[in-house]
Each structure stands twice: as C-alpha cells, then as structure tokens.
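Presented below are the structures under discussion, each in the form of structure tokens.
Next, two complexes with subunit A in common: one pairs it with subunit B, the other with subunit C.
Our next item is the complex of A and B:
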C-alpha cells in the first residue's frame, strides 16, 4: 500500500470531533496564550523596559514556559484540547523543538538531539529566512529607486 | 482593551489554523511553515504593521508575528547596512527567540525524561 493510500485510510477512520468544538478550543486557548503574553509584556514595560526589549522578553518567557510544560508533559495535554491554539503561537514553535529533543535523546547528543531539535523548526527557519531574503532583495531594489522609504 | 484585542486577534489566527488542519489535512509542520511565510508576505505589503497596532500580542505571538519579525528585520537592515542587509536582517531580528528555544530545549533534554504517549 502506498503511503498516500494509507493516509487516506487513516483519515477515513479517524474519529472526528465536531468542527465547532476544535475551533472553539483553538480560539480560546490560542487567544489566552496571547493574552498571557500581553500581560507579561505589560509587566516588563512596567519595570521600565523599552518596547522592543519587552517584546523580545515576552517571546523568550513564553518559549521558556512552553519548553518547561513540554518537559513535564503538560503541553501535550493542552494541545489535545487546544489543537491549532497550541500550535500557531510561538509556544507551539518551542514545543516543536523541545518535544523531539526529549524523544530522541537516546540516540545521542550529536546524532539524536542536535538534528532532531530542527526537525520541524528547521523547516520553519529555512523557509522563513528564504522568504525574508527574497523580500529583502525586492525591498532593496525598491529602496534604491526610491519607491519605498 | 489591549487584552481583549490580543485575545480576539490571537484567537482568530489560531482558529484559521484549526480550520486548515480539519478541512485541508495540512500537517502541523506545514501550517507552521505556512504561517511564517504568510507573516513575511503580509508584512511586506504593510498589512501586519496595522494588525499589530490593533492586535498587540494577539498579532505578535502567533507564528505570523515571527514572519513579520523576519521581514521587519530585513527592512531595517537594508536601510542601515545596504545590500548585505538582505542576508543579515532576518536572522538577526529573530535571533533572540530562536536561540532561546534552542538553549531551553537542550537544557530540557538534560533535565527531563521522555514520557510514554
């Protein structure tokens, strides 16, 4: 059986939750993660950080918490309810890095952990950077001829 | 107000992701890649700046915000450093988050045991 056929079969037999249920979970959990991030940023601003630094520390804090929750096995439970709500925020990116790292540590630090840390994140970084370079090229030209400021 | 808008905008971006998962069978990895690239494109057309203005963390925390960060970094770098900025901008502006995720994940691999699914 080809892998696409197998995928079809798996898809056909996967029990489906009602669409609204998944969407509701994603909306509420994803929204809550963003609100939590906003609260962290307000806190850092309150302690006198500048806007840019506060935004970076907000991301770093969310990443830290996500990795911690992944480590103690809580993030997986969240994502069963939250679906894309736990995937799309930056915490999902951090989860995509830390989760395979925990799983593949038995394969060693250099051949297990090292490459697996980028198993999903590598793709995100690769295509993200490629898109930014392509955009940079266009922006550079537009900037030189004075179309954009 | 910032909190409400963060919730609504962030929630809506996640809702779109959920619809994509359930209706198009896109794998989570593809969704993440798609979101980052979409963020770069939206930022290029100046849409994301507006979304951030209203949505605050609701726009910056989802991965499209990561894409915006890459694009914004490239813009700044091209203005400040010229041609070389095309290559240096994206990774520079996103370095904080990426480095944090790498280091925390490595630390986690030392501290935590894998668990049964």
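Our next item is the complex of A and C:
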C-alpha cells in the first residue's frame, strides 16, 4: 500500500475530534472562570478597593487558585472537559508554569525546577516579550511621524 | 547457511525453549481494568513507595523478576542471560533494576515491542546452544512516560481521541531449555516500516503496517492461516491500530477473526476508563502476556498462540524535528 493511500485509511479509522462538544465545554468552563473572576472583582470593589487594584487582585486570586488546583491535582481534570476554556484565561498560564514545578522537583531546584519551569510556557513568554517589543517599536515610529499622539 | 530459518525470515526452534514461569506487576488502573482479577501483584501508589516515577518503574521490574524467579524456584544467580528494556532514556528502568543482580545483561530498546524482542533473543540464545536459562523483562510507567514524551502530569492539556494510555506495569518471563511450561516454537523478528505517520498521538496507526508485515511474513513462511491459532495477540495497537491491521491484512487476503485481540484493548475498559484508543507501552503486552495469556495457556484455555509485540520507534527529539514515526513488530509462536 502506498503511503498516501494508508494516510487516507488512517484518516477514515481515526475518530474525529468532538468539535461541538469541545466548543461547548470550553465555552461553559472558560466562561465560568471569567464570570468567577468578575464576581471576585465586584467583591473587591464592594469592600472599597479601587477599580485598578480590584482588577489586579482579581488576577492574583485566579492565579493563586489555579496553582492551588494544579497542586492538588484537580486542574487537569477540568481541562479534560474545558479544553481551550481552561487554557486561554490567566489560569491556564498559571497551570502551565506550576505543573512543571511539581513534575521536576525530583531533579532538584537548579537542574530540575529552574530550567523546566518554562518547558510548557516558555514559548508564550519568549514570543510574548518579542511581540511587545515589536509593538513598542511600531508605536514609537508612528508617534515620531505624528500618526498617533 | 542458516539451519533454522524458514521462508523469508521466520526461525524454527529445533528444541523449543520453554517459558517455565512468568509474573506481572501492575498499577492501580490496570488492576481496576477487565484483567484485574489476573493481576495479583499491584501497586495502589504510583510511586510504589519510591521518590520518583523512574525508581518506581525499576522497582516494578525487580518485583516481577522476583515473583517469576520464585515460581520457577530459581534465583538470578541461575540465569545465564537477561534481556531487558523499557521506554526511559538510556533504558534506565532496566539498568537500575538489574544493577545489583550481577547477572549478564543485554539492554534492549524496541519501544513497546521489547517484551517479545526479549523472548525472541532468549529463545535464540537457548536453542542456539549459548544458554540454558534466560529471562525477558520489560516495564513501562504512565507517569515516567508522560514526563519524557509529553507534558507534565498536572498540565491541563487536551488528549486527542487517537491517544493511548501508557500502561503502568512490568512483566518477566523465564525461558529455559528444559522444563514444564509454554513452548516457543517459532520466532519472527520484525523489520521497520514507516508509512509517514507524523502524529505522535496516533501510534496505533504508525505501528499497524509493521505488524501487518510481520504477521504476513510469518503466515507465509509457516504456510498457516490465522484460523490455525487459538489466539493472535498484538501488543499495543489500540482500537485504531488494530482495526487498521485488520484492514491492511485484508488487502493481502488474510482475514483476522474472533481469535484476534490486542493487549491495549484488553487491559483497560474503554467505557469506564478514560483511555481513548487503549493501552500502550512496554508494560502493556508484558503484563497481559505474563499475567494473563501464559497462565491461561497453562490452564488449557488456548493451545497455539501468536504474540506480536509492536513498537513505535520515535523519540521526542525526532518528533520535534518533524520526523515521522517508524513502527516495528516482533512475533513469537507459543504452544502448550
């Protein structure tokens, strides 16, 4: 059998991703995380925090809870259902940073946790920083030629 | 000139070596699976009382060897050679499980086909007159494999439907020139087949062509058909891979019937255990063979059995470099 024919056979035998089910799970779980975040912010505002501080504390609280849930081994179970819904919010980033810490603590602080902490989120950080530099550069040029104020 | 080779690549044992004892050690999920009743030695704790998953894997290998040697009433000192391997980088699962044994040792890497590779080499060493008593040992551990091949355990990644679940388990089979047990009649080493599957989450598809090649070669060389055997067991093709194997063989006019089963499909219950396409890993065929098939053959359930270990021979590095996944399958014919 030719490789191309085999690829077609494999495609026919491989179950397709349950797209709508995945989308629904991501919408519900991801949406719930955001609603919960908003509720936290409202709570902080209610207790007299300023808008800016409340938003920061909301992020910090979500990161804390995400790391806690990762630590007690629950976060990945949400992800089974939530998929991208748990990946995209700030909680997904916290999970991507904290899960290698748990995993590689056996190899020690210096050879394990230090380098491996970025094993999942490294690309996000590297290209996120690069993108922000590029954005700053474009903004600077546009500012100099007077396009933006 | 080879005296034992028949056809294009099957080897007949002149004085069939005998598997005199075998033992399997598994984890909690395997114990909870459909074959749980056959696994008397299992670990609730995924660390098996050690402080790393790699050490846990070595410990399971050691325990499987201890159980098998006790059943055969031998000690490791009585072994001429041990053929052992696992999935960990540089085969540390086996290197560390055997480091205190003092036994002469060959480390193998055949990915998930290693158990059968070890049986083939044991049988050849014995029938070739080089050894009287050998052991074939392998293991895999879900947690040590995940961290090596995929993501940290607690990372909330999404598993595709075609993904398989690495079996936490170890198996050991003692092969001797003389004795009571299950005979190894023929062996058929595999060749690497690469059909350009690049999806590491679809290893069944990558391995099925290699399995089809080996099984076809064996049936041609021995002039037999699948219905001549009571059981044809493949290693860890999973749901997708085993249905592909059936399809591939159909094109060669070979029909696999009710007597065909895959270890990856037997060891877990797809309805209640979230394993997608089934089990995988060296420990998959090892624990199913050593814990279930060999004891059931002894009881008389099956007389003639073909066991085919299937391996996906990629590494995380080759996958990152965009390479496809080569597959291989080794086969042994067992009989009572």
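Keep in mind that, in the parts below, the second predicted complex is superposed on the first by the 132 of 149 C-alpha atoms of A that agree within 3 Å, B and C clash if a C-alpha of one lies under 4 Å from a C-alpha of the other, contacts with A are read in each partner's own complex, and residues count from 1 in each chain.
Here, a contact is a pair of C-beta atoms (placed from the backbone, for glycine too) under 8 Å apart; a residue touches a chain by one contact, two chains touch by 3 or more.
Given the structure is predicted, the values throughout are model-derived calculations rather than measurements.
Student: Counting only touches as set out at the top, which of subunit B and subunit C does A:13 meet: first, second, both, neither?
Tutor: After superposition on chain A, A:13 lies in contact with subunit C alone.
Student: Quick one: is A:3 in contact with subunit B, with subunit C, with both, or with neither? Answer first, second, both or neither.
Tutor: second
Student: Answer with first, second, both or neither: which of subunit B and subunit C does A:78 touch in the superposed model?
Tutor: second
Student: Considering only touches as defined above, state whether A:23 meets subunit B (first), subunit C (second), both or neither.
Tutor: first
Student: So, does A:44 touch the first partner subunit B, the second partner subunit C, both, or neither?
Tutor: neither
Student: Quick one: classify A:60 as touching subunit B (first), subunit C (second), both or neither.
Tutor: The answer is first: A:60 touches subunit B but not subunit C.
Student: Kindly classify A:135 by the partners it touches after superposition: subunit B alone (first), subunit C alone (second), both, or neither?
Tutor: Only subunit B; A:135 stays clear of subunit C.
Student: Does subunit C touch more residues of subunit A than subunit B does, or is it the other way round?
Tutor: B
Student: For subunit A, which residues lie in the overlap of the subunit B contacts and the subunit C contacts?
Tutor: Residues 7, 22, 70-71, 73, 76, 82-84, 87, 92, 96, 98, 102-103, 106, 120 of subunit A touch both subunit B and subunit C.
Student: State the interface residues of subunit A toward subunit B in the complex, per the touch definition above.
Tutor: Listed in rising order, the residues of subunit A that touch subunit B are 7, 11, 19, 22-23, 25-35, 37-39, 41-42, 55-56, 58-60, 62-64, 67-68, 70-73, 76, 82-85, 87-94, 96-98, 101-103, 105-106, 113, 117, 120-121, 123-125, 127-129, 131-133, 135-140, 143.
Student: Looking at the complex, which residues from subunit C come into contact with subunit A?
Tutor: Checking each residue of subunit C against subunit A gives 51-52, 147, 151-162, 195-197, 202, 205, 209, 240, 243-244, 247-248, 251, 274.
Student: So in the complex, which bits of subunit A are touching subunit C?
Tutor: 1, 3, 6-7, 9-10, 13-18, 22, 70-71, 73, 75-76, 78-80, 82-84, 86-87, 92, 95-96, 98-100, 102-104, 106, 119-120
Student: If we count contacts the way the header does, which residues on subunit B are in touch with subunit A in the complex?
Tutor: Counting only subunit B, the residues touching subunit A are 2-3, 6-22, 25, 28-29, 31-33, 35-37, 39-41, 44, 56-58, 60-63, 65-67, 70-71, 73-75, 77-79, 82-83, 85-87, 89-91, 94, 96-98, 100-102, 104-109, 111-115, 117.
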